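Note that chain A is present in both complexes that follow, paired respectively with chain B and with chain C.
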Partner chain A sequence: MKISFPHMSPVIVYKRLLEMFGHEVVVPPTPTQKTFDLGVKHSPEFACFPLKVILGSYIEAIEMGAQMIMTSGGHGPCRAGYYGELHSRILKNLGYDVEIVIIDAIFPKFNDFIKKARKITNGASIFKVAKVFKVVYNLSKAIDRIEKRIEKMRAYEVNEGDCDKVWDKILKKFDKVNTIAEVEAIEKEAYGMLDNVPVVKVEEDSKIRVGVIGEIYVVMESSVNMEIEKTLGKLGVETERSQYLSDWIEHNIIPKFMRDKKIDNIIDEGKEFIEIEIGGHAVENVGYIKHFKERGFDGIIHLMPFGCLPELVNQSIVPTIIEKFDLPVLTIPIDEQTGKANNQTRIEAFVDLIKGKKELRLNNGKSKIS
Partner chain B sequence: MKIGIPRALVYYYYYPIWVSMFEELGAEVVISDETSKNMINEGIKLTVQEICVPIKIFNSHVLNLIEKGVDYVFIPRLVSIKKYETFCPKFLGLPDMAKNVFKDFEDRIISPKISSSTDNITNLSSYKEVMKKLNIPSGKMKSALKVASKKFEEFRNLSLKGFTISEILEGKTSGKKPFKNTAPDTVNIGLLGYVYNVYDNFISMDIISKFRSLGVNVVTFDMLSEKEIYKHMGHLNKHLFWTFSNKILGAGMYFLNEDQFDGIIHITAFGCGPDSYIGKMMELDSDKKHKPFLTIRVDEHTGESHLVTRVEAFTDMLKRKKMSQVGRVSV
Partner chain C sequence: MKEAYIGIDIGSVSTNIIIIDQDFNVVFDYYARSNGQPLNSVKIGLRELRKRIPGDIKVRGVGTTGSGRQLIGTMIGADVVKNEITAHAAATLHYVPDVKTIFEIGGQDSKIIILKDQVVVDFSMNTVCAAGTGSFLDHQSERLDVPIEDFGDLALTAERNVRIAGRCTVFAESDMIAKQQFGFSKAEIINGLCEALVRNYINNLGRGKALQPPFVFQGGVAANKGIRAAFEKEVGHKIIIPQYFNVMGAIGVAILAKEYVEETGEPSNFKGFDVTDVDFVPSSFECNDCSNVCEVIKVEMNGKMVAALGDKCGKWTNSCGSNAKRKRVASAK
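Up next is the complex of A and B:
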């Protein structure tokens, strides 16, 4: 049976996960305006933007032959936990014959979880399941480490686009991995390739760093956020996101006593502004603003999909945070009509602003621009 | 001591508890004015643009209370009133948003975390912050909550009899029977919508009275028992996450599956996230059941005339359909 999944970068991780369990995988095409239009057409108007993109993406995957779709569930209060249910109703009504397997939390529906997990693991033994998860987890970590380095390098590359060319090559190499040793070897090779990319030397003091925070889908999936990291890189800005797949796995799948407490600590920081978890990554994002400030970042770009409930609460709180931390934050709402040109201007203006602010600080209050 | 309670959001469901609780504690309770165009205009200025209308209205009411000179404003954080269920993120973050909008008033906002296993939210643990902030011994709080609990049960019983919350609020229930047109060709409509949309007359433009003046019987979710609400929800793999949304969806399924209802109307406020799901699910299912389903979306600019036309047209359509079924008139 041909199986597909929602398109959220890095897709290669989900692809390997399913392939290693012996499934035939249909990788959905990278979302384009056509995908958005398809999704918008069949979604409720006030649904959040990711629901619409993912619906469009499913339709494209089904038309490429997918018969089953694997996705994650959830227990709210964010609407994303109900995506699968709504998607399957809409698709059924449109006449598509597809099974959507929604993986929910283990409790309270334990048997249901096991039944669905078996579908994914395709009859593999518990040892194989453990091995596959280990490989995939290591793969996601390696990919995130390399991407973090590229996010820094892009700002200083001599020939525009060099880093991304190398990045594509690296991802192609990862496409075939089966063991942890292979992941490690490719990661090492990747660093070698990146070392050969010519970069301009910039003094540590004058480097500009921007943190990209927001709802997980629009932060991770570059095709819906106007490739924000590339855009910033071209303007000579280093970036780091609040969301990485390996962090998500660490925080959501690995038991509390075993995992790295990084995300837990950031959430605790966020509780200064939002006292309880309100769904999505709202509290975590607020915590990340503080985290980035403490690490000396110069600004924050806050991506918010249209209609996102938790991020709307965040948006109400951001003005206070800007004031408190003296840190510029640019909130960009994202929907199917988000034009690149319009936002390009806003982003450039924002980068100019933080550059000016930094210069002012470095020159003890005297600006070079008079 | 003056405690202000905003006449917004779940005030229309929980005022019996909160008003009588504060009165029992010896406070003077001040309720904000009824929603008006002027109030909303002030609220919009304070609120982020994209957020739903009910939150904008809520901020207008808080502002109204502050202008009235209250000592404290009561903004509870509704977390959960049913196991495994919760509230919309905007309810969960409501005090946080309010504290940022009304910065000078921050330390005079009372925001207890309401977390209970039933609709009747009079468990002592939900009101810890009230006790702390106002220095109330737990014995006194307990007896206040006991009175509040009784008031809430009385209120719910009146709703279940078929009185609207507006009627209960105005005290028009004693010695009267709820409105019911018993003529054989009467149209029965199920009205879906949160209490703060249906019973805020600015939002709903008093739609229930409009239907009644046309002789239509209207049933809302608060008139249904828990059992009726969950009667037709069994086929769902997964309930929604938000308790009041589940009540609306359950009521919708009830109206769809019970033959006495001729049509369903969903009043939703601009920008409501959970309603976008309910709307789609109702739309898909009403198609299968061949039952007319109308969505009325209201925002801060909605005028009354267009609503009247839609209400009348929908009623006429249902009447014609019913007449041809009853066989009294062939159209």
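Up next is the complex of A and C:
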């Protein structure tokens, strides 16, 4: 049976996971205008943007032959929890014969989880499952480590686009990995490749760092967020996101007593501003603002799908945060109507604002006009 | 020989060109409606400029801003291509150094810029709603058959207050018609409109921001006395209107160009006034190389593509010799 999944970078991790269990995988194409159009056409108007893009992405995958789609469920007030169900109904009404497997949390419906997990593991033994999971876990960590380095390097590359060319090559190399040793070898090679990219030397003091936070899908999938990290990189800005796949795996799949507590701590920090669980990654995102501030970041870009409840709450907290941390935050709503030109202006002005503030700090209060 | 700096602001509604000399004096200013053809109006403006400036002026730097900044910037060889927000703030800071809040209302967008210690600390920009911009007034002036130039003066003659729903242009218009039928005069309706526009502007853009004086109001709409009065009423404080309120973006980018060339010491990229004689042909096409189907705008000069915009992947933009590399090295200094 051909199996597919939502396109949320880095897709190679899901692809390897399914392939290692012996599935034939259909990788959905990177979302483009066509994907948006398809999704918007068949979705309820007031659904949030990720639902629409993912629906479009499913249709494209089905047309490429996918018969089963693996996706994650959710809980809490964020609407993402019922999206799998909604997608499956819309697709059925459109006459597509496809099975959507929604993986929810292990508890409370343990039996349901096992039944669905078996579909994914394809009858593999418990040992094989453990092995595959370890490889995929290491792969996601390696990819995220490399990407974090690229997010820093982009700001200083001499020839625009060099880093991204290397990044594409690196991802292709990871496409065939089967063991942890292979992952490690490729990661080492990747650093070697990046070392050869010519970069401009910039003083530590004048480096500009911006944290990108927001709803997980629009933060991680660059094709829907106007390639925000590349845009910032071109303007000479280092970036880091609040969401990485390896962090998600660490926090959601590894049992609490074994995992790295980084995300747990960040969520605790966020509770200062949002006391209750309001769904999505709202609390985590606010925690990240504090986290980035403590690490000396110069600003935050907050991405919010139009109509996203948790991030809408966050947006209303932003003025308090700007004041408390003296940290500039730019909120960008994203949907199919998003015009790149307007946001380009906002982003450029935001970077100028950060530079101005920084210069002021470096010159002890004396500023130039710009 | 006198050194000068050119600033060009290519907005949605108007094209502004100014020249400043070494001491920031504005020696030439040109404000014209683009009528949907910014390329043409820049050409006409530059021709005008060539006619009027003395021969001993040497152009040391050129800056462009506004929504057409990239395209025009590439065409004429600008040294600085800056967003409108930074450009406006730079100009205002020159005239009112202790400014804290800038209101800017243009044809298609409006902005609020908050400054602290001469640095921009916050801003917001409205581009989706016409109810807070000049186009809205333009449209209403046509409907009421009152020339836009007389709008402000007429508003000040209003005797009674009338509240018009300003949330959305469509609602504003139907509310206006209703109020007209109730027998309010044109002046009162126009005054109501000005107040509605300001209310909408402050609610939309000023939300969650502490607006502190000194206030500066600029952009084409600042010519309108009715709006000016409505602003003073809304914020309860005097509003400063700079002398060159309608070309502030152009002045700002000229100042930035001056700073840039002084800092780098490099010669200007300006292609000279002869660019006005060259025939640039803008056109657009849909690139079908992937399913993004980007609408690419290209500019051809003598049959050769000299500029391209709008492609997501950068294939077309990069194909016409971008100078991104040079910029990266320069900005790292």
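Here, the second predicted complex is superposed on the first by the 367 of 370 C-alpha atoms of A that agree within 3 Å, B and C clash if a C-alpha of one lies under 4 Å from a C-alpha of the other, contacts with A are read in each partner's own complex, and residues count from 1 in each chain.
The rule is short, and it goes like this: a contact is a pair of C-beta atoms (placed from the backbone, for glycine too) under 8 Å apart; a residue touches a chain by one contact, two chains touch by 3 or more.
Keep in mind the model is a prediction, meaning the values are calculated, not measured.
**Q** With everything superposed onto chain A, say whether chain B and chain C fit together or clash.
**A** With chain A as the common anchor, chain B and chain C both fit in the superposed model.
**Q** For A:A47, using the defined touch cut-off, is the partner it touches chain B, chain C, both, or neither? Pick first, second, both or neither.
**A** After superposition on chain A, A:A47 lies in contact with chain B alone.
**Q** Considering only touches as defined above, state whether A:P319 meets chain B (first), chain C (second), both or neither.
**A** both
**Q** After superposition on the shared chain, which partner residues are touched by A:I120: those of chain B (first), chain C (second), both, or neither?
**A** In the superposed model, A:I120 contacts neither chain B nor chain C.
**Q** Give me the angle at the C-alpha centre of chain A between the C-alpha centres of chain B and chain C, rounded to the nearest 10 degrees.
**A** Taking the centre of chain A as apex, the angle works out to 80 degrees.
**Q** Going by the contact rule set out at the top, does A:G81 touch chain B (first), chain C (second), both, or neither?
**A** Only chain B is touched by A:G81; chain C is not.
**Q** Applying the document's definition of touch, where does A:N342 land relative to chain B and chain C: first, second, both, or neither?
**A** second
**Q** Considering the aligned complexes, could you tell me the closest Cα pair distance between chain B and chain C in angstrom?
**A** Distance of closest C-alpha approach: 5 Å.
**Q** Can you give me the overlap between the chain B contact set and the chain C contact set on chain A?
**A** Dual-contact residues (chain A): 316, 319.
**Q** Give the list of chain C residues in touch with chain A in this complex.
**A** 67, 82-86, 90, 93-94, 109, 117-123, 125, 127, 208-209, 255-256, 259, 290-294, 312, 314, 318, 322, 324-325, 328-329, 331-332
**Q** Under the definition above, what is the set of chain B residues touching chain A in their complex?
**A** By the definition above, chain B touches chain A via 47-48, 50-51, 77, 79, 84-90, 92-93, 95-97, 100-101, 103, 113, 236-238, 240-242, 271-277, 279-281, 284.
**Q** Enumerate the contact residues on chain A facing chain C in the complex.
**A** 29, 32-35, 156-161, 200-202, 227, 234, 236, 316, 318-319, 322, 328, 339, 341-342, 344-346, 348-350, 352-353, 356-357, 359-360, 365, 367-370
**Q** Write out the stretch or stretches of chain A touching chain B in their complex.
**A** 43-48, 73, 75-79, 81-82, 85-86, 89-90, 93, 104, 108, 273-280, 282, 306-307, 309-310, 312-313, 315-317, 319-320, 333
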